[in-house]
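Listed next: structures, encoded as structure tokens.
The two complexes that follow have chain A in common; it is paired with chain B in the first and with chain C in the second.
Presenting the complex of A and B:
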């Protein structure tokens, strides 16, 4: 049991840092959203794993389904604003957003 | 019989859906439905709070505690003010039914946050609030609004992921998210380090969402770029409820100081002191009205965070009262900023001057709010800052106490500079042409000013109310 479990957490943290790396390195807004999604998938796996490990599968299932729903809304909103930004500024480069300054 | 607070969540949601169907072609109907819903909620919650019968029972006849009631009162007060103000502000907009609908959805989500009994419900409503406020920021279809929305998106949703990871660890170690269950575990005495790592991740997420010093960058851009009445709503309640409320709640549950968790306590207090000083010093050299208010907002959140780090009952009391006061005076300032933007077509403070002649009501209400922010004695801001500073001194954190007093003086300094630049002094050409706002847009500002003055003068009653709140939740 313990062996399999630690391997699971290893892959979850690997997935989390892949997403974090994607968000930190890329300047493209689409890639940022993909990185965000990878990170949230790793959290989803972590919650399911915690539920299994503590014999709490029902709670973990309910949470996982609600989380999927939330993620869909968040990604839809993110993509919609990306399209709007592309129509107004003509690029999806994050570093070109510098209109607001003190 | 216990009174449930679910109606405060469901009725705005119902109205939000209703507006979309009923008032698609009749824009005035959207104003009427939105304002009436919020005003009815405000009257209802005032009746619950100010009813002496409830007070005698120390709110034991209500499903949640007095803290939740005060937060719902604050949400409805600010939302009603913003909604009434934007009824006058939005004259040329075509799609005002979307605006009112989004305001009502975010009110509903905020009521969900403050009535939540476990971390997962809190998280769901925080996400719902983030989505609604995200659409509100980008409501004005220009480049600035979009940029503000993107920056808000790319910092708050990673914060939610930290919260989720923390919740997964919490589920793994304690197998519960429930506030009451966690309180039982805390009362048991010993907290293992895996539990604390989960709590720290959740705390980190909510600190990013509340926009304190190292994570402050999105606050400035979001407040400056957002559509003007929306930035009042954002500064007044949304970031407070989505971030700071949860930090206060975590401090109330885990009692960092009692448990001798000095490291978390010290870190929170250091972050608080750093954001007080950073916000106050950076605000001194701003030229944009809204950006300066955003820096000031960071500085005021620092006071709340420093009190949460200490987490003694007196400090929590000060934090709750300061959050309420901050909602009142910052909303007044941002709404007046929107008025100035509308009549002068700019937010640059260099182009303003001598506005007390052409816009007397706006100017003097701003002066009252500014004095409350800086902590001038009869007004409400003085009392909450005093509570926090006294709590810090009694708790033994004397250095932080002195820092808080010093930053109060800097706050007074930058607001004096701003008053002289904007409201008094020489009249500029732009200020000569400025006209006073109509009564519809002045009314919400006046209501909030009355709240600031009354809660300052009637402070003993407020103090009694807060003591009642604290005794049921902390002790």
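Presenting the complex of A and C:
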């Protein structure tokens, strides 16, 4: 019989894998940001779970709040870069950003 | 315990739907549902503040941002044709990852679960945020300011000053010559 703690980590690793797969496979910039979101959610769960495991939930909550704020700023900047790239290149394909190579 | 694990399974299924959905709007709504599921899991972990932040910010604000971005690039959906086969392979890859992590990750964390709990003072959240980790607040303010400046530099104001326009035209003429 496996422990509930290790089962939680098992599901968190699966959630992280889904986000990573999405980021690896897709060329769509919006889908990349969705993959990043899923990965950051699994990291958030991991932080809280480690806080629960070491009997220090409140410190983990304080760090989780900081992390949520960083996540929002990253998503907002990512989406604004996406819209700007769409206006310039007319596409949300990542491969069309190769003009930045110089 | 069953409620807890059921929530985890639901979150993973919703994440798979968010990745595999062809319609981006549907994908964004599935991501919001993932956020709601994660916040319910955080409630079961006994961390209500993080859950409330997750529910209000990630399920609310980020979904609004996503939907507004999708509505701005609505036409693009018709001409970015990605091959769907890679997305259809996700369940297969997920099953392989599940088997591998059952073999490698579960025994590792099984050994970690016997880790002794720290006997530190479990201060209330307010004291941790405002006294123990007050330096984090400076970092948060810096990140917010950086975000605002980044968005302002990405979308600059159009030039309205006639003199500046004349200068720009002159510069273009010089460049053309």
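Note that in this section the second predicted complex is superposed on the first by the 97 of 102 C-alpha atoms of A that agree within 3 Å, B and C clash if a C-alpha of one lies under 4 Å from a C-alpha of the other, contacts with A are read in each partner's own complex, and residues count from 1 in each chain.
Methods note: contacts are C-beta pairs under 8 Å (C-beta built on N, C-alpha and C of every residue); 3 or more make two chains touch, one makes a residue touch a chain.
Given the structure is predicted, the values throughout are model-derived calculations rather than measurements.
By the touch criterion stated above, A:53 is placed in contact with chain B and with chain C alike. Of the two partner chains, chain B is the only one touched by A:39; chain C is not.
With both structures placed on the common chain, the touch criterion links A:73 to chain B and to chain C. The partner that reaches more residues of chain A, of the two candidates chain B and chain C, is C.
After overlaying the two complexes on the shared chain, residue contacts for A:31 are found with chain C alone; chain B is out of touch. In the superposition on chain A, A:97 makes contact with chain B only, while chain C stays out of contact range.
When the two complexes are overlaid on their common chain A, residue A:89 makes contact with chain B while staying clear of chain C. In the superposition on chain A, the residues of chain A contacted by chain B and by chain C overlap at 49, 51, 53-54, 56, 59-60, 63, 66, 70, 73, 77, 81-82, 84. Contact residues of chain A toward chain B in the complex are 16, 23, 29, 32, 36, 39-40, 42-43, 46-47, 49-51, 53-54, 56, 59-60, 63, 66-67, 70, 73-74, 77-78, 81-82, 84-85, 88-89, 94, 97, 99-100, 102. Taken in their complex, chain B has these residues touching chain A: 120, 124, 127, 130-131, 134-135, 138, 141-144, 146-151, 153-154, 157-158, 161, 164-165, 167-169, 171-172, 175, 220-221, 224-225, 282, 286-288, 291. Against chain C, the residues of chain A that register as touching in their complex are 2-11, 13-15, 17-19, 21-22, 25-28, 30-31, 33-35, 37-38, 41, 44-45, 48-49, 51-66, 68-73, 75-77, 79-84, 86, 91-93.
For chain C in complex with chain A, the touching residues are 1, 4-5, 8-9, 11-12, 15-16, 18-19, 24, 27-28, 31, 34-35, 38, 41-42, 45-47, 49-50, 53-54, 57-58, 61-62, 65-66, 69-70, 72-73, 76, 79-80, 82, 86-87, 90, 93-94, 97-98, 101-102, 105-107, 109-110, 112-113, 115, 117-118, 120, 122-125, 128-129, 132-133, 136, 139-140, 143-144, 146-147, 150-151, 154-155.
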